[in-house]
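In the two assemblies presented below, subunit A is common to both, partnered first by subunit B and then by subunit C.
What follows is the complex of A and B.
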């Protein structure tokens, strides 16, 4: 696993030096390279703007041969994120059959952010929210904002 | 300025071209290898050898023609020019350098080489007879970009096919050398790696370090995740698919995304691992095909041999996408253990015609099948040799039992007369005339006796007279050679209690065996008559009202076993008298057989029988004098 540690170190270094847009990345604990804490600012121009989302990235021991596990630690109102405390994300890139070892955490995080800009209601985890997104956008936006207000306000 | 200007020039040149080599023996002799590397791949055509035949290979080399069927390859590297330069005494003021150029293989024509060699003189004159080596080498290098003017307007170059292999080899080696010198960032470990420890994916050209590829593929194959054995670049397959669609809309097939086993060996992966990969791929294909049958042997469970999914041999993955329907016969043969089984019932192969119940519903037999099975049980008998259910039905000449009725000739038809061999019988009239039938039940009769005697009613009657109860198992006929039989070779007669039907079989037998060409039905009738008529003279009197004509007709009526069996029904419109007549005859025959009277024929009767049989054989029984009827 030495090779994988090396790769993770490298990726982490890259992400900390030049973080993806709207994110700050840090290790959950200095001694464990496999758990990353990411703070994502809701992308401007979306109903998520203003929200601050905490995302956890867990890299399996087999990383990069196996996909990392990415969860929203902050509750979020989104068709592709489970509306519970687990915050599982449905992201094609992370599906085991689609995961390629040459994919990087950075690309994953960018994809997560892109999911907030452009939800994918065709492959939802929350069908009700997906329907609302497709059919009643104002209501959806309102709900997103109320979730932002309730859960995703930056703690000062 | 005592120094030789040649030495000054050479020291300069060697500084510019470190690959330049000086001759150890002659300090003014140098050689340099100039690679012909092209900035972008050049289409090289190798026209068929036949077209170049009249010219010597060296001269034919790059002649630009448009040939119809040519082999073309895109090459980036052509074999290098080996340039040898000698600087003579008096160079550079008085003499130009001597240059000789060669290539290995000699893919450049002599003309071109001579032109390149003399170029140095022109340059030397052009710069005013001065130091020309650098200028010349530089000029050669530049002119190699368009392969010394040999590339035609279409951007192709023609080379004699003699050098094809060498040129391809050179190109591959040059590319590999260039690749090995390069440095790549492996997308997996993210480390920069020398090309020599990297592998470039053959299909897509992505580069990874060998260590990472080995780790990943070994892991995937060990875990059985064969689908992961593809290029490791995200979306690689998708993008290639997109490109393929853009490039040619005609091609509907998806580009191959899985990695060929031979490439895995190149990376290299362990042979065992690649074997497992091939095996797993085969298994996945079989599993994805719902038609695949598996060997029912619990220790084997191999797949049935299939044309569509051939079992891989070695490292070859047979990738046949043919969607043609396979023959969906029931027979399957395990590709591992060779067991032949039925795909419907999963039992060992039982032949094409045997009825079996599908394995997936052993208990649930549909109404239709139930009816079928019941019918088969009641009305059919399996052929003893091929198990095909057979049903006996009447209907000569379109006889469905030909199979059992045809005498064996040569090596064919071992089922002759064996239709009811394993059967208790479906009536009293079966199994009379061959050894497996009644003879089996009458073990006291030696085999082979049947064919040796002519047996007619009277001897039987005598036998019956010895006290054998009529209704017991049919008594064995006593071998009996009729001394006055008109034809000694005449085959056996049936036992008389079979009435007419029984007598017909042996007659058919005899005819098929090559006896005189008389129609069997008539023959049957004749014998019938012959058997029945011995008592005709005495009967006639008892009948009383039976006129001669009636008696005659009655005999005719008796022709054919079936007719006499159904005597009452078959007297269509012939009048009650004749029906009675028939009845009377049959009764009479039984009386004759059963009764203790009538112990033997009188000589007159015997003579009558002989005459009748003789006439019957000639199909002239109508001419028999029915004098007794007239009495």
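What follows is the complex of A and C.
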């Protein structure tokens, strides 16, 4: 397992030195490399702009052979994220049959951010939100913004 | 006094070990050194990094889709999902992967790594392919089993020749008890009182290394570099350069240096001369002593120096030298003898070989002739027996006598012949 520890340390170092756009990354606790806290600023130019989302990344013991688990800790109104306190994300990259050991956490985080820029209503977790996104974009944008105002305001 | 295994020695040995390495290591890389745990010196080319473990490749393995992984990583990844971990094409590990090209191995072998014993103070940086050799054979800091048979602890190789060091001693600076093997490390980097401020230069140094500090303390007074020429002034080390510029003896400095060189040369020449003289004297003496030594062997030889002086005044400066020269000639003689011996041995073996070869040839020839003869005899015997069977039943008598006459005193053959007879008869009856 030493090798996987080393890989995680390396990835963490890379992510901290040069974080992906709009993110800050830290360890949930200094002693545990497998739990990362990510703070993601809603990408500008999207209804999520202005929101601050905290995301938890959990790396399984088998990492990099098994995909990391990524959850939104902040509630978010999004077709591909469960609208509950679990915040499960539907991301192709993370599905067991799609996960490749060669993928990196950084790529996962960038994909999550991309998901906010460009939701994927064809493969939704919340069908209602997906329908709304497809058919009634203004209503969707309004709901997103109200969620941002309710849950995702940066703590002052 | 440096320990027998100084780091410099280790360095030299690792370079000489370069030639040995392919024999020692082969493909079964690193049972002792985990190449994945190594610390690499400088940045490693991204192309040499395994996409799975994100470390420089270990036993690089290439797939048919041209992706390279550590052997261990690809096996592990394949166990979970039988596809290429990069492009997810189906992959059969047995047929569709092979060892990466030699050039990749070479590039990886050349990566510089730090000795894994660096936390214990080894600061060697060496090519990855050589690190195992360094650790297993030369590194002073490698932990080896304690030489004491009843002690099951490990100790750095540097100390392993000093016997078991796993007993407690009191640190002279902090009064705590430590194992002797760890004492030096403790005093180097852990002891609370290890630091001492120098009275002269006010910088802090490790107490344990006082001698080293004294040698370089800028405030310590040291003699001028022209002291050998007569300058008696003592100057602080940091002022030495300044003093050298002003020293009255600097004018004669270059001359002095030349003088020193000449003196050294002279000394070397003197030594050489002495050696030659000794040789000459020995040779002279040998010519004289041979008839005397012939009468009775060793004893006269040894007592020679005392006996000969009247005839050959002071042949040697001392008995030691005499013995030394005696020893030298003996050595030369032994050398000559052993070379002759080798020569003789060589000649003998060649001779033996030459002799045995025709003998062997003849032997095989004889053997084949014997076989042919045996075949002939058997055929003849069969022929006779058949003939006799056709003639009548009185034949056993004749065949018996025939067999008897053929192998008189060889019962087994006789019975065989008889049984041959028997075997021959039933169909006839």
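Heads up, the rule we're going with is that the second predicted complex is superposed on the first by the 156 of 156 C-alpha atoms of A that agree within 3 Å, B and C clash if a C-alpha of one lies under 4 Å from a C-alpha of the other, contacts with A are read in each partner's own complex, and residues count from 1 in each chain.
Following the convention adopted for this analysis, contacts are C-beta pairs under 8 Å (C-beta built on N, C-alpha and C of every residue); 3 or more make two chains touch, one makes a residue touch a chain.
Computed from a prediction, not measured in an experiment: that's the story for all the values here.
Peer 1: With everything superposed onto subunit A, say whether subunit B and subunit C fit together or clash.
Peer 2: clash
Peer 1: I'd like to know which partner A:65 touches here: subunit B for first, subunit C for second, both or neither.
Peer 2: Both partners, subunit B and subunit C.
Peer 1: Which partner does A:93 contact after superposing on A: first (subunit B), second (subunit C), both, neither?
Peer 2: A:93 contacts subunit B only, not subunit C.
Peer 1: For A:7, using the defined touch cut-off, is the partner it touches subunit B, subunit C, both, or neither? Pick first, second, both or neither.
Peer 2: both
Peer 1: Have a look at where A:107 lands relative to subunit B and subunit C in the superposition and call it first, second, both or neither.
Peer 2: A:107: touches subunit B, not subunit C.
Peer 1: With the two complexes superposed on chain A, say which partner A:126 touches: subunit B (first), subunit C (second), both, or neither.
Peer 2: A:126: touches no partner chain.
Peer 1: Clash with subunit C: which of subunit B's stretches 91-99, 145-153, 163-171 or 253-261?
Peer 2: 253-261
Peer 1: Enumerate the residues of subunit A that count as touching subunit B in its complex and touching subunit C in the other.
Peer 2: 3, 6-7, 10-11, 62, 64-65, 97, 100-102
Peer 1: In their complex, what parts of subunit C are in touch with subunit A?
Peer 2: Going by the criterion above, the answer is residues 34, 36-37, 51-55, 73, 76-77, 80-81, 85-86, 88.
Peer 1: Contact residues on subunit A for subunit C in the complex?
Peer 2: Subunit A residues touching subunit C: 2-4, 6-7, 10-11, 62, 64-66, 97-98, 100-102, 104.
Peer 1: If we count contacts the way the header does, which residues on subunit B are in touch with subunit A in the complex?
Peer 2: 187-191, 206, 208, 211-212, 215-216, 219-220, 227-228, 231-236
Peer 1: Considering only the defined contacts, which subunit A positions touch subunit B in the complex?
Peer 2: 3, 6-7, 10-11, 62, 64-65, 93, 97, 100-103, 107
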